[in-house]
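Below, subunit A partners subunit B and then partners subunit C, in two separate complexes.
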Partner chain A sequence: MSITIRNIQKSFGQFKALKNINLEIGAGELVALLGPSGCGKTTLLRIIAGLETPDTGVILFHGENTTHMHVRDRHVGFVFQHYALFRHMTVFENIAFGLRVRPKETRPSDAEIRRKVHDLLNLVQLDWLADRYPAQLSGGQRQRIALARALAVEPKVLLLDEPFGALDAKVRKELRRWLRRLHDELHITSVFVTHDQEEALEVADRVVVLNEGQIEQIGTPDEVYDHPATPFVYQFLGDVNLFHGRVHEGQARIGDVQLELPGSPERRDSAVFYARPHEIDILREPDGQAAIAAQIIDIRALGATVRVELERQDDHGIVEVEMSRDQFNSKDLDRGESVYLQPKRLRVFAERNGEENLGSAA
Partner chain B sequence: MPPISPVLEVVPVNATCLELRLAGAWTVAAPLPAPDRVLQALRENSAIRSLHFDCHALASWDSLLLTFVVKVLDACEERGILADQSGLPKGLQGMLALAHAVPERQDAFRPLEPAGFAAMIGRHILNGIEDGRRLVEFVGEATLAFGRLLLGRARFRGADLLRLLQECGPNALPIISLISVLVGMILAFIGAVQLRVFGAQIFIADLVGLGMAREMGATMAAILMAGRTGAAFAAELGSMQVNDEIDAMKTSGFPPMEFLVLPRILALFMMTPFLCLYADILGIFGGALAAAGMFDVSFAEYYIQIENRLRLVDFEVGIGKSAVFGILVAIAGCMRGLQCGRSSTAVGFATTSAVVTGIVFIVVSDAVMTLIVTTLNLYQK
Partner chain C sequence: MLKRHGVLPGFSITLGFTVLYLSLIVLIPLSATFLKAATLGWTGFWNAITEPRVLASYKLTFGASLAGALINAGFGLLVAWVLVRYEFFGKKLIDALVDLPFALPTAVAGISLATLYSGKGWAGQFFTPLGIKIAYTPLGVVVALTFIGLPFVVRTVQPILEDFEAELEEAAASLGATRWQTFSRVILPALLPALLTGFALAFARAVGEYGSVIFIAGNIPMVSEITPLLIITKLEQYDYAGATALAVSMLLVSFVLLLSINALQRWSQLRRT
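Let's turn to the complex of A and B:
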């Protein structure tokens, strides 16, 4: 079942939560809505579910207009951040709820409900918990039960609102892999909302990056990570270093340093260059003109990687560099040492609203 | 180097484009050309759509140039003229960017304009109308759900109804007992002070009996239920709303109106008449305690007086009222619970509001029903 979202707008009072959203979600796709809190991603999800009505625009399920269809007729499964299990029912009853409450004509028999609930419990690998109450389960178990409950009504669309947001890092990682496997098994069109870029990049077929009620970019995880369309996407998908300089004859000039730029960018007297921490090399000796002098001010080891914080000698701010522990050991760096930075990859964005001019005033 | 005096040239490049050539030292040292000339040129030639700067001959500048440029740019913006800033010195562009860097967001906050007296009244009235509209909507939906119940098509769990019956009935007995006995005694005391003057203490029984059966039993039971059960309903449904359980129900294809509201209304509707009868009897008993203890009326006299004076219709009216109160208290509690916001503080508001709404409903409907009963002359039959 494909979902088409056309010109959706939604305001709460004076606040514009969604500004003209257009989106196509293909049948059987797993799409992540990614953005900072308050960007409108949950509102969009609730509008798709029918829990919220848009001010303008239409939602089509498989070409059929569902904008004004009641939630219960849309056949969506919804998984909430805080599980929303019914507290006074056992796990079994929670999952059976959606089936038991159907009108008589379409309600399956008791035996069939029992079989189905156990199938679902097996699917989420929690068959042994059928008789417990939600309060007796761990967070990860509750969320899997919530997912089983959402799947019980045989939804055509599965919507997940920050499904792993309330779980600790390890369980979260486990569950998102499990969700991906589950999706590969069931192939239900799924949309999930997250503010965690790692989660979105790992799980989704396509990622939709939202900011301030607008779509910044739509693409596969590789596309949005490797070819971010806007500075916002670039900064949201990971740590960044900014360099101010200019573009001249296809080269980036940062202070006295010249660096090759990919492509053939047009001449620009003021530009901001972006580089991720792992895209910068630390050299002991200057390599011609293509290195920026800096001093190491801090070194932090974070598990398998090491983060080095450096201050540029020309007083143009702090640069963060990330490398593997092996690389770090072979370089033998120490705090206070003077070294040279060489970005392996620089990115420059077309100007928007003069925002990149801002820095050059310094 | 002696300062070169600042020079401003306004050069029309073509019919729609204007160029400003700045030369010399635009500093505080020499009097600057006023922007008026540029503004005048813009005013006079309305065909101009774009403007740019040429600063190649500019020797030096300070913030005075900035104020000049800002005035020109503002004028351009007013007239919808595209001003190309790229010809300006780099540093100046940076300062302009800083000056315009954080435009105030128009949609990020709700303006809190100081409300005048009239505006406040207006807002209250609008809120009242909105509240009334939601009440009508809720009652309508509840009625539809009740209709489905009568058709045997409503869907809720019998176990839930039983639990609610237990909660609304037997669990409320201790507090109802205490309050009813005391209310009966208070009625007896209030009446006795006057009646004793005439040596008519025996009529304490009439006063307490009629007062409890027709009015106080039903009202006191209902008010206790509003504070106890109505508030509990609002808190229960409110926290379900906060935990997304209500949304979860809707997406499972299930109307919360049938599953949550209907059994609650039913439970209170079924239990309050019993509570009312119980309160009547205990209130009369309380009156007997006061009469026998302090006003020389024996239990036997009191009992005979009650038996002679009270008729079934007196109890029927009170019990009938209490059934209506039960429904209203349940509606108030469930409505406020479902209207609850999504934060935990909202649950508190919903609870308080449920009690207040419940009591308002009780008193208003009581007034109406008393009026009807009196007009129909029910007691005289």
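Let's turn to the complex of A and C:
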């Protein structure tokens, strides 16, 4: 079931939650709505579900206009951040709920409900919990039960609102891989909301990056990570270093440093250059004019990677560099040492107007 | 000797105070009642509490209390629902009005209800053509007991309803439940323990009610005479032992009823842990 979202706008009083959203979600796709809190991603998901009505615009499910259809008739499975399990029902009854509330003509028999619920419990690998109450389960188990409950009604679309947001890091990681596998098995069109870029990049087929009620970029995880369309996307999808400078004769000028910036012939008197921490080299010796002098102020080892914090000698700006532990060991760097920074890759966006993408240095 | 090494300090002093307090306020007066009643001896006691007139009064007292508490369970739930779920002009005022039966002297309530519901009263006149008499009948007793019990149900259900997560209703709707199914299968079970508490409180209050009832009941022996009134009557005749015998019987019945409501509540709460 494909979903088409056209010109959706939504305001809450003075606050514009969504500003003219257009989005096409293909059948069987797993799409992430990614953005900071307050960007409108949950509102958009709730509009797709029918839990919220848009001020303008339409939602089509497989070409059929569902904008004014009640949530109960939309056949969507909705999974809430805080599970929303019915506390007074056993796990079994929670999952069976969607089948039991059907009108008599379409309600399956008790035996069939039992079979179906157990199939779903097996699918989420929690068959042994059928007789427990939600309060007796862990967060990860509850969310899997909530998912099974949503799947019981055979939804055409599965919508998940920050499904792993309330879980601890390890369970979260486990569950998102599990969700990905489940999706590969069931191929049900799914949309999930998250503020965690790692989660979006790992799980989704496509990522929709939202900011302040607008779509910043739509693309595969690789596309949005490697070719961010706007400075916002660049900054949101990972740590970033900013260098202020200008573009002159196809070269980036940062202070006294000149760097090649192919594909950018234009002259620009004021520009911001972006480089990710792992896209910067630390050199012992200056390499012509293409290196920025800096001093190491902190070194932190984070598992497999090492993060080095440096202070630039020209304008005292802070730069973060990330490298593997092996690289770090071979360089043998110490706190307080004076070194040179060389960006391996620089991106520049026109200032203020994020739409224009000037080019990048490789 | 109870000894606890918890993080909460002052276990022994708070327990000691609780026991002392309960003894002075509840246990000693109650045991005095039992002692006084015991002076009648078994047969005397039994005869006192099984007199036909007394039996009729039990029926009225407990029956009308039950009816009032049941009505309150229904309408109190409705009032709580309206107060929590909807925004309307004068909501604060109505919210405050709910507590009025707590504050109003019961005699005032009884007199105004009796006037209102008498055959020619503002409300009673509409029932007269239908052949329904409210004041000075058992029905009047039910009206009075409903009046005084209303706040209990509203005030116990209201906070639970306020804390009820909207997400649960949304989840039910997304699973295809109708509004009624959502209410009866998701909301009501969540409210049930609070509703039972409110019901038990309203019932207990109604059983002991005296002031408002005697004005509207008419107090016709065998028909509209409540047990507390019989107790007063006996006291006025200096039959202290007989009065306490009735008190003891009421006490025991109330205790058993409240205990079973508690058990019911326990059971409904056990299912969710």
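As a convention for this text, the second predicted complex is superposed on the first by the 347 of 362 C-alpha atoms of A that agree within 3 Å, B and C clash if a C-alpha of one lies under 4 Å from a C-alpha of the other, contacts with A are read in each partner's own complex, and residues count from 1 in each chain.
Everything that follows uses one rule, which is that contacts are C-beta pairs under 8 Å (C-beta built on N, C-alpha and C of every residue); 3 or more make two chains touch, one makes a residue touch a chain.
Model, not experiment: these values are computed from the prediction.
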{"item": "Partners on subunit A (subunit B, subunit C) - clash or fit", "value": "clash"}
{"item": "Partner chain(s) touched by A:Val101 [first = subunit B, second = subunit C, both, neither]", "value": "both"}
{"item": "Subunit B versus subunit C as contact partner of A:Met69, first or second or both or neither", "value": "neither"}
{"item": "Which of subunit B and subunit C A:Tyr133 touches, first, second, both or neither", "value": "second"}
{"item": "Which superposed partner A:Gly13 touches (first subunit B, second subunit C, both, neither)", "value": "first"}
{"item": "Which of subunit B and subunit C A:Ala166 touches, first, second, both or neither", "value": "neither"}
{"item": "First (subunit B), second (subunit C), both or neither touched by A:Asp269", "value": "first"}
{"item": "Of subunit C and subunit B, partner touching more subunit A residues", "value": "B"}
{"item": "Where subunit A meets both subunit C and subunit B, residue numbers", "value": "49, 51, 71-72, 76-78, 80, 82, 84-88, 97-98, 101-102, 149-150, 152-153"}
{"item": "Complex interface listing, subunit B residues touching subunit A", "value": "90-91, 93-95, 97-98, 100-101, 106-111, 153, 155, 160, 243-245, 247-255, 259"}
{"item": "Subunit B-touching residues of subunit A, taken from the complex the two chains share", "value": "11, 13-16, 49, 51, 71-73, 75-78, 80-88, 97-98, 101-103, 146, 149-150, 152-153, 269-270, 354-355, 357-362"}
{"item": "Residues of subunit C touching subunit A in the complex", "value": "165, 167-168, 170-178, 181, 185-186, 189-190, 271-273"}
{"item": "List of subunit A residues in touch with subunit C within their complex", "value": "49-51, 70-72, 74, 76-78, 80, 82, 84-88, 97-98, 101-102, 133, 135-136, 149-150, 152-153"}
